[in-house]
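Have a look at this one.
Just so it is clear, A, B, C and D label the chains in written order, and each chain counts residues from 1 on its own.
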Amino acid sequence: MKRILVVLLLIVATIVAASMTAAAGRKKDNKPDGGSLSYGEYGRPATLDPITSNEMISLRITELIFNGLVGINEKQEIVPELAERWDCSADGRTYTFFLRKDVTWHPREGEEPKPFTAEDVVFTYKIMMHPKTITPLKVRYEFISAVEKLDDYAVKFTLKRPILNALAKFSFKVIPKHGPRNPLYLSRDDPFVQNPIGTGPYILKNITAEREIILNANDNYFKGRPHIDKLIAKPFADQNIMTQGLMFNAIDMIVLVNPRDLPEIQGDKRFILQPYNALSYSFFGYNVRNPLLADKRVRKAFTHAVNRQEMLDSFFNGQGTIISGPFAPGSWAYNLDVQPLSFDPEKARALLQEAGFSRGVDGFMQKDGKRLAFSLKVPIEKESEAVKRVVLAFKNYLKNIGADINVEFKEWQSWKEDVFFEHDFDIIFAIWVFDDSADISSLFHSGEIGAWKNNFGGYSNPEVDGLINESKLTLDHEKRRTINRKLHVILAEENPYTFLWTLTNYAAYHKKVRRVAIHPYKFFSYADDWFMEEKDQK
Amino acid sequence: MKKYYQISGQISEFSDLPFWKKADVVDLVYVGYGLLIVALVVVSYILGSVNLLPRDPQDIDLQLIMAPPGTAGRLLGTDFMGRDILSRLIVGIQAYFLPGLLAILIALCFGTGFGVLVGYRSEKFDTGITYFTNLVDSFPRLVLILLVIAAFKPDIYYIMLVVGLTNVPVVASLVKGKIQFLKQKNFIEADIALGLPTRIIIFRHILWHHCRSLLIIQATLGMAEAILIETSLSYLGFGVQEPTPSWGNMVQSGANYFMQGKFWPSTAPALAILFTILAFHLLGDGLNNILEDKRST
Amino acid sequence: MKFSAIRPIALVLSRELVITVLLLLGVSFVVFIILFASPGDPFSVLLEGQLSTAEAKAGLRDAMGVPRSWYVQYLAWLAGMLSGNFGTSIRMGLPVLPEVLRVGFSTLILTIGSLIITLLIAVPIALYSALRGTNKISWPLTMSSYVISALPVFWLGYIVIYFFTHKLGLFPIAFGFSSAGQKYRWLYQLLPIFVLGVGNGTISEVIRYLRQEMGRVMAEDYIRTARAKGASVWKHAFKEGLLIPVTEIIASKIPFILGGAVIVEQVFNWPGMGRMAWQAAQDRDYPVIMGIAILAAFFVRMGSLFQRVVYVALNPRASKE
Amino acid sequence: MTTAPILKIEDLRTYFYSRSKQAFIRSVDGVSLEIAKGETLGVVGESGSGKSVTALSILGLISVGPGVISGKIGFHSDRIQKDLLQDLGDFVKLTTRAGKVMEVTKDVVGWERNTERVMSKVRGKEIAMTFQNPKSSLNPFTSVGKQITEAIRLHTAMKIEREAKERALTWLDRVKIDSPRLRFDNYPYGLSGGMCQRAMIAVALASEPSLLIADEPTTGLDATIQSKIVDLLVELKSELGITTMLISHDISIISRLSESVAVMYGGTVFEYGPAKHILSAGFESKHPYTSALLASIPSAQNIREKGYLPAIEGDVLDTINIPEGCRFYSRCNQVTEKIREKCARQEPDLRQIESGHKVRCWLYFD
């Protein structure tokens, strides 16, 4: 399922400044090394470097090859990575990172491994912000005003203005100065993007003619050599076939199992299904430019009309949670006091009548001659069963309350033009993906209305605007939290979207792979701790 | 063992048997089968349009998703939305009916047109048309269609437009070949010598007498190809779009469950496709043999 | 072969090559027009995941040195291509030519392979029923070949895979090429070829055509002469009755089969042109699409070139026409 | 000069079947002929009288059913003596009504196989044949020379390419094709009709057969070429003394070449005998049809006597409806009251009216 990816602030609850350095070499956990793990991906990554890449598959690979200054552990805490410690000025405008001295870059064949230094950090930042570099990251780092190298192993970042949890943002992946051919900016025709070197646990060996990406363990990884010798990413063009691949030992792991295949894999003792939070939510977004949809009662009626639990159960084996607001549940910003609107067709009809609609001759609601009919635009994809199911069910639910939905499938690009540029649609079904969301300013702030902006529905509400601005300014975590809870309440009532659910993603892997921990969307963050018993390594 | 017999001693000059008597049984069977299927198609088309169906093909039932055949009165079971496959199968033909005809029409009209121009008045039009046909020929069908769909919208009519166009060269070259053959045998010269008006020569003699069977075959093939192409596109997600049922997107959505051993949702439409295409092929063969008086020894 | 035979062939070759060049130009132009007419552009793909404002795109264009007006863009591309530079993929950043050649090669294997399969199935049936007419051997054969060629190709693929995995427990047949180091690798590579060869929906046509041609030739006077002088009918009918029609089929079916390859490559995970084209068409990655279109067209032209040459080589009259 | 006949056809029937009329086309309906060694038999008759079909039947080249259904074709060369239609009976069942074949059941495939077996030693090697419209009868895809060489290598002792080629060249030379070495590599499309005819004759003779069947060797060629071809045939005849069955509708050619003549009409032989008897205008006793035929030849004598060219009235007999009586009855202008009954009712058979001269007509016997 294609996702609209909005990369937003990464905010975490607690910060652990304690540095825990492990010497390079073997890990101390006396787990066996060896074995190789091949995992299936649906599709091919475009680029393999952390800067130009902008889709999930590359993201996962870069996670294996590169490191950031800081990292996030399984408990969502910030932990040292390339930087062993740091300090932050009192006014919160300068951050100084003291780098590890035992980190080396992956060697290019025939070369000696080069040491990782402050140079590289500065270089990475510069190249990332260069106007000619095309990267989704740029917007995230505009808050930084300057970076300077203090000495070989210390860098100082100066911020334009103090912002909350800036530290988390320094988890961006660092690339070597001697990496890209062009030292000024990084474009996709630079060989580096297809053949990158980093500091991470795995070294990109090669990409085969079949476009399998082969990664070898990095023997002098500074956190200790990863246990599994070899990772192979196999691209698939057909998800059914990919699942067969798992079932018949062509691959050992699928990073994202198609809900339809869950039962089959569940039934098989050889495999483990591991859930992980998708950090995304699905929704129906309304175009309030349409006078009929401008009426919040209509939107609310629609939300009442859809039986989200039924859909969740019958399409996704109930693997997910229904949401009531724009935040990922489980994130600190999510307001658990707000209950999702109930499934209640009666109430829905009542709301419509209240809004002045009455049943017309054709059985559909109408108000002074205007039928309650909308176009629901959906992008076409090859593997789109889930999408089809949801929109078809939606159409069905709304038929019951007398709204006529005309489902219109459009090719991906023209869909994007219609939605984000022409704004020529009434309703869309889409999914927002966050790295971990809380900032919804770009989604509902009236300032974000316009061509190629995220508030495609044109929703504007002074109260919401006010709250968003307020939360932007504040530095106090608690205050922001309360603001967000307020926002949640309002939006749940206003229904600019019909919030559906966030799904639980499942990774499926052969049970020979042990101690698998998965990061929500970077996935491989902890892959260096995975291992296989000798007997399974074959 | 072949049997030849003559009933009466005297045979009158004009006692010509109607074609169904003189045609070979096999051909009659072919044509019969073909017509039967075509009739079925037409019937289901009518049934669909006056919607006289076992069930509403759009009627979703989330409690009956992927129900096996026979469950709760669903003769062929239900699909991934719990919709009745039989009804969708019946309505599904509509997806091809007119679009397919469009494709055929385009192919035949332009094809014969160009063919006649090149074959009959070659010196003038040859290069131009040959270039065009070669150009069209040079595209792999599916890739071209993908491009067009991406450019405009995934509408069956666009697809069939392309299919029709891509078949123009085939028909053209066939007609051209036929005409050149006739020229070799000096038929056309004879006609001209007889002072027949050109339109008679072209339409009656060339097209009707010598090209009809070939055109019929092309027409039937065109329909068959239309169905197969749409099916392939459905697999890529670009075929006829939900909720409109087409055999193609039914096979596709059903095939998702094929590997899990749930065959029916894809098998039913696949068989429908199979029998229909077979019908068109055989219809073509049979008619060809009968019209051309092949086999008759 | 005698000089007298070589000269006409040389003539045809040169002529066809000129035509090919013209056609490739035409193809590239048409493709480009279609691409230009289509909404969205490659840059919005690059800008996925960020606010891809119109300005940002414009900036991108300039950054990547892509001219604004379409014809300048086309001419630039053309100039590049003529100097052997097909540009670099906008999405992957890889140079197009090697990429396209790589996938082109694997697709070529698939295409030629399946053509051979098709012929292996069709030719004997056609010849047999051409000589013996419809009888209890030729009829079932013809029917069954009609039946399989009427199946949707991807569904056929699924059946084959299902059969080989669940029933025979041979996996991963679904990997075409990427079954490196697997047991039965050749089998994994043979299957997609087989499936495409059977399921490309052309067998029935091939049979019909060959049968008609053979039948026609068998009725020719010179075949009667051959029989009268006790020479082998085959020897005399071979050229016109089999060789020429077969080459014609090869030439005319390549576009079809290339099309079918798009599907089979997806099902069998075959790293070929079809898949790349499909992806590129969605990304509007025009250098790639152009490259593929050109290459595909080139294959097609080579097919017909081959046919022409064979025809001329066999048929002295042709060179005079 | 009458020795054992090299070819003896007895009561040959070759039928075709019209699906649309559901009736038999009795193209050859009881033909009996003999060809003596060394002589040339001229078979004459209007088109559709079954001349060519007879020839094709001899070589077993009838491929559409039912084809040959009864008869004997005894072939006696120095090398082979056999019935070319041996065990035809095993493959064919005939049902007759009033002496008319009304139903044929034939194992076509089996018979074809049988023929191939029987004829394998005969075709080309023993009996060679040239066809009408030579242009299309030569393989357009191989050079003339090759086609001759092939025949030589198939049927003569010369198996080596080079020798055979030399021989082929001499043959080309013999059939009066100028500059053989150049022509050798020519393809039929490059040659004129006459050339092709010569080439084909070369192909036929190259295999040194004991019987040559020349089917309408001159039709479709313009007059001058015709005479040239005839000259060639005459010359070859004197050189090789090869037995020939010459089929033509052109009496002048027949009269120039043949010792004996068979006049065919409506699928049967009407008159058979020495050429000098039958074809000399002065000679009295002969079949009305023959005389009519002769009368219709544009010759000075005819014009002088009659002052006009009498044509034969009526149409050529359609071989679907064979009348009970004499096939020529409807067109005959010599029917006398005495025999009219017979002519209408009963078909006469081919009777000897004097040594070596047979006629099928009631006029000459009662």
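Brief remarks on what is shown
Keep in mind that, in the parts below, contacts are C-beta pairs under 8 Å (C-beta built on N, C-alpha and C of every residue); 3 or more make two chains touch, one makes a residue touch a chain.
Note that the coordinates shown come from a computational prediction; the quantities given were computed from them, not determined experimentally.
Compare each chain's C-alpha centroid with the centroid of every protein C-alpha atom shown, and the nearest one belongs to C.
The chain pair with more C-beta contacts between its two chains, of A-C and A-B, is A-C.
Rounded to a whole number, the gap between the C-alpha centres of chain A and chain C is 40 angstrom.
Centroid to centroid, with C-alpha atoms defining each point, chain A and chain B lie 48 Å apart.
Spacing of chain B relative to chain C, judged by their CA centroids, is 22 angstrom. Chain A and chain D, compared by their mean Cα positions, are separated by 92 Å.
Shared contact sites, meaning residues of chain B that touch two or more other chains, fall at 150, 235-236, 255, 258-259. In chain A, the residues that touch at least two other chains are 240, 244, 382, 411, 413-414. Contacts with at least two other chains are made by no residue of chain D. Screening every pair of chains for touch gives A-B, A-C, B-C, B-D, C-D. Note for the complex: chain C touches chain B at residues 19, 22-24, 26-27, 30-31, 34-35, 37-39, 133-134, 139, 146-147, 150-155, 158-159, 161-162, 165-166, 201, 204-205, 208, 215, 252, 255-256, 258-263, 266, 274, 277-278, 281-282, 284, 289, 292-293, 296-297, 300-301, 304.
Residues 2, 4, 132, 220-222, 224-231, 236, 239-240, 314-317, 320 of chain C are the ones that touch chain D when the two sit in their complex.
Every residue of chain B that touches chain C in the complex is listed here, in rising order: 24, 26, 131, 134-135, 137-143, 146-148, 150-152, 166, 170, 217, 221, 224-225, 228, 231-232, 235-236, 248, 251-252, 255, 258-259, 261, 266, 270, 273-274, 277-278, 281-282, 284-285, 294-295. Residues of chain A touching chain C in their complex: 5-7, 43-44, 46-47, 52, 54-55, 131-132, 134-136, 138-139, 187-190, 193-194, 208-212, 234-238, 240-241, 244-245, 247-250, 382, 411-414, 416-417, 420, 442, 451-454. Put simply, chain D touches chain C in their complex at residues 59, 61, 109, 119-120, 122-125, 128-129, 131, 133, 136-142, 150-151, 154-155, 185, 187, 189-190, 200, 203-204, 207.
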